[in-house]
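Chain naming follows the written order as A, B and C, and within any one chain the residues start at number 1.
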């Protein structure tokens, strides 16, 4: 318990752990420095990835029509909060069970942190504090859920969506995550996914794709064989969301180095930052140039999604590439987005914000590209298929059950009038008349 | 003075403090590591709490009607700037006077920082740099003032409000703050308020409550015994503001550990981050479920305020609770908001953004809840009452004087037409026609 | 290659660099602590300065009319991405060539980072990792380009603007930057510009001024000898942008200490944070009071620009001043903005967001003010003139060539209808009817 924020030096000498004490009883800073740095990496990385929750919220709120904005905001803050609780309740220990069969651990216990004022002799001095690790990891599961909310926007009911989030964040993501990051069978096989192009982003994308198929497109989206544009209501918000995600991604990829207390590790974190930034830039510029060439006009939402696709692409391996390698990886991500967004529309799969191209398709590309560095194409393809089959099939089942039991789609009337008035009884922008 | 950003290694060896030099003349990194880490904690914590100023600005701009948005933005950037100057001019040294009578220190002197290039032998190696500490602490006083601006929005005049801010941030907050964080009588008594549920949030809430009583409700807010809804003009901004505040709170609570250079301290900071996030999530989910049950519709602004109430609740003790304890603390915060927002309306106390439920009521709850860990109910209750009486009474007096001397309320015409055109002669959203 | 995020302790001992290994083969933490801290400073400082890209985007999107918002957003995300690529391709090595003639280095090579898993014996232990340094420095060049986009908004064509960005970020900024930060002739002369009042901000301002002269004012801006107000469409966004810039500036100035591994250095970083915050606050309060006195009404956009001018002013020397000195430096910045924004209009130089007063004029002031601390007025004036002549003349030439070759201005019709529909075929706020 800390009683005062500021003590006189005399008081501090008696009450606080001081350097003098440290020399006598505790290990020297030399011994604990790496633990402190890695814990700090998780805390800073964690708050940056937390910030991505705001990024997804703004991106999605900007890309839906104004009549559905309040609902999209509600879904995003609710899904983050639910993810945080579910990951504590069961997710973290399902995902990192320690020794297990490699596929699934019966380890349904809530997360318990270290005691207050942990002594150095009880700490994992070669790693970091459990609390900081838990904090960092839970932000990743929230990102997965955010991906789903974007794709299914503007027609899904609130509560069935949130129930899906409970299952995704408490069970699906942690179980499949344990295969690799928990030391399970894919990690044994040599699969590699540094910060989660597949484990986080494609998983979100597969769950979204299953949902989009069961849910169907928005009313009037595909009419007489044509795709009707339904432009987002606030591109300033969407751009802000993209910048937020870009910023958060430094924590996402950089923190996934999982160590910052040696010259090699902190230098690697720097390399990851530089590569991550390069891939995002390359994705954006590629989409900029491509849309100019293809459509004779630059498409801002494509540029935003190009940057995001660059980020997803580099996430599976942000460390090994040179800056030029990162540029190429991100540029391919940008190409993927520009060509697959219209492709989904041709297939009448209605993905409101482009989440499936960005997170699923670019995620697959990024995961495959790791094999350029590891050479292990088999493991990469196995991993991609394993996560795809598992997440897509279970998502299909869950969405189908939810549809049967409680319905997942709002009424036609509610969809036409907007989910905000129909489901929430409020508007995001009540003062402004609609065009 | 630094002349170049980048020097050849040869030049660096002569000009910069290097490792080689450090070994000869300066203490080893082993000795200064804790000082560096705690200073870094204050700098990172400080910029996160700074970011809360943007959070309050966006939250409040989103929750007022469009005709008052520019004024709300003006108030928020002005109050932050004034708080920064007043806290330098007198606040910091009034709050942390060193040895004093425990109630009030006649210590009206501006803050002076350490000299440039401080040598290790002159540094408080068991703590942190004065500059970083000052930077961190001044962000807290700005938060207090932000709370007031939200509650009194849409009818208070700019300049009387800013004069109140001068008094609040230069005198009221620092003097009452010294009772606890300056080592004064409440700290002697065993009162405990880790990061300021009472000292920062309730103090802001009491000042706001006094202002709301003197100022009266907005025109037309309470008519024929009914509360007329005056929905906020931009819920996307309000949600963004909430996410910003949530992010900033990691610095608010985590930085209040005031130390990061031992295993125990950095591990505690991690624990605080995890607990803070849990309490916010629990507050949001509680408000989500409760508004669904009570009103059959989820209320987004309640969910946002639920998250904030969770954050305020955990602020008095973010370290001692388990994650489950943090969940319970935050959930009660969410309950408080859902039930006290309509209660204030019944009492015809018009709090535009819900600042009083979030910061005052949840702040009292959070401060009380500390006694579950300390057992010292008497000290907690004494502290709550002391801050309440002091802040509320002085605020009443100051608001009354301001009302008498210069008037604190805009004219009826200005209020109807909006403060933006009347007081500033500009609009926040001039291009959009109003509904 | 990192295969799992979380390993059992046993596995970790074999796979990861551990403390035990570190003791045997690697230098102790005592030796590498400063390197780690400075690298961390660049990474945290770098992501904060990255965030300024979002700040410029929001500020400028808020200050243009709604019909040009999507274009302004496009320009901002595109310019950042292009700057990142150009600075990698040639900029970084042109700017920091090592030994060179002091004026210009024929060093057209892309940046190469350290190898993965750098060993301590290969690291510049007295400085920081190249990757972190590159990451930090590239954010500065992006800021320079952002300044130009604001001044020339609402009438410049997308692609000529982006071509100018290529030249500015790949050649002009790095070459002139090498004069000082690369150890060139101005650094030899004793010129001092800590974080870039001149090198970054004035350079952006000079390039913007040249562009504004060649491009001419917006249609209808100056009519019958009068300045027609064209108010920004979203002051909430503009305020958000200002807060983002303010936050990012802690990284901009604090990171420019370029060292964080000694008591002196980390204490100096704290001092820089406190001074930076004070200058911004003083600039804002000054503009608040001045606009009240001059116009009888506070002008929010002036307050925002006042804060930014305070920040630009302190950037040339954020370390040496006392808090009172920082207050005075920032306050003069606020005065400059209030008086020079209308002055530009009198000269019929149309600067949409006030970028020239904020970045050029306040940048000159801040650079001059350094001489109060160094006494070397000659060097400061020489530097100001050198950067001015070089950047302004070359910019004039480049803009003129671009004008001749491809035209830099949209058609009258496009300007009247808005660049969003004309150049992008989309709207930023399609759902809202225009006033």
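The rule is short, and it goes like this: a residue touches a chain if its C-beta (ideal position, glycine included) is under 8 Å from a C-beta of that chain, and two chains touch if they have at least 3 such contacts.
Values in this document were obtained by computation on a predicted structure and should not be read as measured data.
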Rotation, 0 to 180 degrees and nearest 5, that superposes chain B on copy chain C via CA atoms: 120
Homomeric contact chain A-chain C: same or different residue positions, threshold half: different
Separation of chain A from chain C, taking each centre as the mean of its C-alpha atoms, in whole Å: 29
Junction residues of chain C, two or more chains touched: 29-30, 33, 40, 44, 125, 234, 240, 429, 432-433
Chain B-touching residues of chain A, taken from the complex the two chains share: 1-9, 11-13, 16-20, 22, 26-30, 32-33, 35-36, 39-40, 42-44, 46-47, 50-51, 53-54, 57-58, 61-62, 69-70, 73-74, 76-78, 80-82, 84-85, 88, 110-114, 116-120, 123, 125, 128-132, 134-135, 138, 158-159, 234, 237, 240, 423-433
Sites on chain B touched by chain A in the complex: 29-31, 33-34, 37, 40, 44, 48, 65-67, 96, 98-99, 124-127, 133, 137, 180-183, 187, 190-192, 194, 231-236, 239-240, 242-244, 246-247, 250, 254, 256-271, 273-274, 277-278, 280-282, 284-285, 288, 292, 295, 297-301, 303-304, 307, 317, 319-320, 322-324, 327, 373-374, 429, 432-435
